[in-house]
Amino acid sequence: MIDKRVKNAAEAVKDIETGMTVMFGGFGLCGIPENCIAELVNKNIGQLTCISNNAGVDDFGLGLLLHKKQIKKMISSYVGENAEFERQMLSGELEVELTPQGTLAEKCRAAQAGIPAFYTPAGYGTEVAEGKEIKDFNGKPHILEYAYNADFSIVKAWKGDYAGNLVFKSSARNFNYPMAGAGKITIAEVEELVEPGQLDPNQIHIPGIMVQRIFQGTDYEKRIEQRTTRKPLNHAD
Amino acid sequence: MIDKRVKNAAEAVKDIETGMTVMFGGFGLCGIPENCIAELVNKNIGQLTCISNNAGVDDFGLGLLLHKKQIKKMISSYVGENAEFERQMLSGELEVELTPQGTLAEKCRAAQAGIPAFYTPAGYGTEVAEGKEIKDFNGKPHILEYAYNADFSIVKAWKGDYAGNLVFKSSARNFNYPMAGAGKITIAEVEELVEPGQLDPNQIHIPGIMVQRIFQGTDYEKRIEQRTTRKPLNHAD
Amino acid sequence: MLTKEQIAKRISREVKDRMYVNLGIGIPTLVANYVPDDISVEFQSENGVLGMGPFPYEGEEDADLINAGKQTITILPGGSFFDSAFSFGMIRSQKVDLTILGAMEVSENGDIANWKIPGKMVKGMGGAMDLVASAENIIVAMMHVNKAGESKILKQCTLPLTGVNCVKKIVTELAVMEVTPAGLRLIERAPGVTVDDIIKATEAHLLIDGDVPEMQL
Amino acid sequence: MLTKEQIAKRISREVKDRMYVNLGIGIPTLVANYVPDDISVEFQSENGVLGMGPFPYEGEEDADLINAGKQTITILPGGSFFDSAFSFGMIRSQKVDLTILGAMEVSENGDIANWKIPGKMVKGMGGAMDLVASAENIIVAMMHVNKAGESKILKQCTLPLTGVNCVKKIVTELAVMEVTPAGLRLIERAPGVTVDDIIKATEAHLLIDGDVPEMQL
C-alpha cells in the first residue's frame, strides 16, 4: 500500500502557484473541496485558471477566490448563481470559457483516461463549435474536443483511505469522479479518512492510483443553494 | 421504477438472430454470461459477430459457440487459450479482428457513452494502425478509433434489481462494465436478483437505464482457468 | 391562455410508460407533478441521479443530494447515483427518452436558443447543449411572447444557438406546435384561444391543417 | 547465465518505493517474489485489480478474483477493483509507473514484438500494445537467444510489432541493456559471462563504454 496522506490543506496545496491551472470538483456547492479552497484564499494564490462546472456563489465556494480576484480565467458550463462573476466577466476583468456540461465532464474524463481527444455532437452549429474540427459520424456532425491539461485536480470525497481510495456520497460524486486523476497531481480531501482495508475494494469509486495526496478535512459547511422541501404529511387529514 | 425483468435466458435472447453483432462481457472465463451463451448454443444462432476480450476455452464460454461454428467473426484482444479457435482462424473459416485490450474496452465505453470516436496511442506503428487516421497530440502520434456498433450486449453481474441496476463482484467487473449499455439492447444475467431498494443507490456499478432486460441465471459453473495457490502455512514450522 | 402549471400539465401527456425523462429548470420541473401514477417513469438529473423523487420533508434535506437545479431532492427505490461523465454518457447514447426544457427562442425548423444574451446575460449552457444535441425527443416549455409582447417563436433565432434542428414540440400558454420536415405545424390551441390569436403572436410561419383542436388538459 | 528466477530477481532491483507496477505473464510475474519488504509497491492487473496480493491458499480460490494471466489471486488491504475501461485509462494516463513484460524480439531502438508469428501463431496482443504505447518505463524480460541459438535482440524486429521505440531496458540470461538515444548500451553482464559472449549472442549493435560491470543479484 502506497501511503498518500498529507497533514492538511496547507500541505496539500503547498506547491500550487500563481498562474497554474486547477480543476475543482463539485456541482454547484455540492461536493466542493471547501478546505482547499479556503487555503488557496488564505494564501492568496493569483492568476489561476479554474476548471469547475460552476463558479460558486458570491460568498462561498469559488466565489471566495473570485471575490479576491485570484481567478484569471474560468472554464465552466454554468455560472448563473454569482453576481460578482457576472460583473467581472462583463467588465472584461475575468476571462471566461463556457463549455457544455457533458463536454466539460468528458474533457476531464479524457484526461483521466489518457485520451487526448474525442468527438461529441454537443454544440454543433453553435458558438462552441467555432474554429473546431468537425467530422460526420452516421450522417451527424460531431466536434473534436480535447482533454484538459491541468496542473492540479482538487476533489472532495465522503470517505477515503491512506492509499487514496475514494468513496463519494449521493450526488456529490458529480465532477469529483472524472477530475480525480485528470490533473498532473490530484489532491483529495475527505470527510472521513480510514485505514486501508476499511473500505470494501468492490465499492471504491476512485482507486488510490488516481490520487497523490489525501487528508481529512475539517469544519465542512456543506451549504445548500436551493433548500426545497415538501410539507410534512398532516396526520389530522 | 421501470421493471426490466424477463423470465430467463430464453426470453432474454429471443430476438438475437443469425448474422447479428453481439458483445459478451467477461475476461477469460471470469464473469461471462453463462446462461445466455448456453441458450445461444441451444438455439444454434449462426453467423454471429462476437465482440469479447477472449474467445473462451475449447469446451466452455464462447468456445461452445465456436465449436458449433456459430461464429463468423471474432473481435478480441487475446485468443491464446483455445485450440479450436486457432484451427478455424488459420484455416480461414473464422474471421478475426485483433484489437489492443485497452482500445477494445474504450471502444465499448465509447458506445456506452455516445462518443463516436476517440484517439489513443495504442498500436501506433503496428498492424493495428494500418488504414486508420493518425493525429499528433503533444508530439506523439495517436490513432482514431471508432465506437463499436453492436445489436446486443450481454453482461453478467453478481447482483441486480428489477430496475436493471447492477453490482459486479471483484475482478468479474472487467468488460461487463463498459459493455453495459454499449449495444442497442443490453441483457444482464445476475447471480442474485433483488427487489428495488435492496441495493444501495450509492454503490450501484451500472445504473438500470443501461439495461433493457434482466434475469436471475441458474447453475453457474464459474470455471477457473488457472488455479494457482500457495501452500498453507505449516504451523509445525 | 394556460398558466405555467397548465403548460406543465399538457406536457405531462407526452410522458409515456417506461420513459426516462430529463426535466430542465422552471416549467419543466413542474411536469413531474402531473405524471399519472399508473405509468412507470424515471427522472434523470444530469448531475448524477436516476429515479429522482419528490422534495424531502422539512428537516430531511441533504446537502449531498440535489438535482441539476441545485434543489434538495430525494431518491426513489431502484434509483442510483453516478458521476457527471457517466451521466452525459447516458444522455449522448440516447438512453434518456425525453428531454423537456425551457427556451428564450425557438425557430420554425427546431433551432433553440436559451443560454446567452450577448452583452447582457451569460449564465452558460449547462447541460442543455449536450441534451439537445443527442436527445431523440425534445419538448420545449416556454412563453409564446416576451414581456414586450414580441414572439419568441421565430423564423430564425436571433440569440446565440443552443442547438440546431433539434426541438420536436413546443408547448406555450397559447398553443402546441410540432416541428415537422415541412415546417412548424400548429396542432392544438389553448382553451379560449383562437387560431388567429396564435398566428398574431407568432413570427414563425405556422402550418395549419383544417380545424385545430382545443387542448385536453 | 541467469535462470529465469535470477532474471526476475535482477529486474526486481528496478522496482522502487511508491511505484505502481504492471507485470506481464511469465518471467515478469516472478518479479513480485523478489521485491524487498521495506518498500511500498502496488501491483496492477489490467483486468481490473490494484493491490494484487499472493496466490490464495488452497481451498480459498475465487473464480471472480483473477489476474490478467487468468490465475487465481488475492487482494491486499488498500486494494481496489475496477472495470477494464478504467483500468486502461490509468495505463494510458501514465499512472502505472513501471511495466515489465516478455518479448519475442526487441530492436536496438526499443521496438518490441511479442504477439504474432505470421501463419504460425496468433494469440493476440492482449493489453501489451496499450501498455507499451503509454508507459514511461518499460522493462523487457526475455531470453537472449531462441532455441535455435539465434539472437532475439535485433537491429530491426522481423515479427509484427507491438510497439515502436518504447522499451527502456532489457534483462536477459546474459546481460542488462539500456535503450538510449545513441543506441543500445550494454550496462551489466551476468556472472560468468564475458562481453564477448554477449556480443556474439546479439545481432543488434551494442554500445560498450569501458568495463561492463557484473550484475549484483
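Labels for the chains are A, B, C and D, by order of writing; each one numbers its residues from 1.
Assume a contact is a pair of C-beta atoms (placed from the backbone, for glycine too) under 8 Å apart; a residue touches a chain by one contact, two chains touch by 3 or more.
To keep track of the chains, here are their UniProt names: A, B = 3-oxoacid CoA-transferase subunit A; C, D = 3-oxoacid CoA-transferase subunit B.
All figures in this text were calculated on a predicted structure; none of them were measured in a lab.
Undergrad: Between subunit B and subunit D, which partner chains are common?
TA: The shared contacts of subunit B and subunit D, listed by label, come to A.
Undergrad: In whole angstrom, what separates the CA-based centres of subunit C and subunit D?
TA: 56
Undergrad: Can you work out the whole-Å distance between the CA centroids of subunit A and subunit D?
TA: Using C-alpha averages as centres, the distance is 37 Å.
Undergrad: Counting only Cα atoms for the centres, state how far subunit A is from subunit B in Å.
TA: 32
Undergrad: Name the residues of subunit D that each touch 2 or more other chains.
TA: Residues 75, 81-82, 85-86, 88, 91-92, 134 of subunit D touch two or more partner chains.
Undergrad: Please list all residues of subunit B that touch 2 or more other chains.
TA: Residues 106, 113-115, 120-121, 168-170, 201-202.
Undergrad: Can you name every chain pair that touches?
TA: Final set of chain pairs in contact is A-B, A-C, A-D, B-C, B-D.
Undergrad: Would you mind writing out the residues of subunit C in touch with subunit B in their complex?
TA: 18, 20, 40-42, 44, 50-51, 75-82, 85-86, 88-96, 134
Undergrad: Can you list the subunit A residues touching subunit C in their complex?
TA: 27-31, 53, 76-81, 86, 89-90, 96, 98, 100-106, 108-109, 120-128, 158, 168-178, 205, 222-232
Undergrad: Spell out the residues on subunit A that touch subunit B in their complex, using ranges where they run on.
TA: 106, 110, 113-121, 135, 137-138, 142, 146, 167-170, 201-203
Undergrad: Hey, which residues of subunit A end up touching subunit D in the complex?
TA: Going through subunit A, the ones touching subunit D are 1-3, 111-115, 161-163, 165, 181, 195-197, 201-202, 204, 207-210.
Undergrad: Where on subunit C is subunit A touching in the complex?
TA: That would be residues 45-49, 54-58, 60-73, 75, 81-88, 91-92, 111, 115-116, 119, 121-130, 133-134, 160-165 of subunit C.
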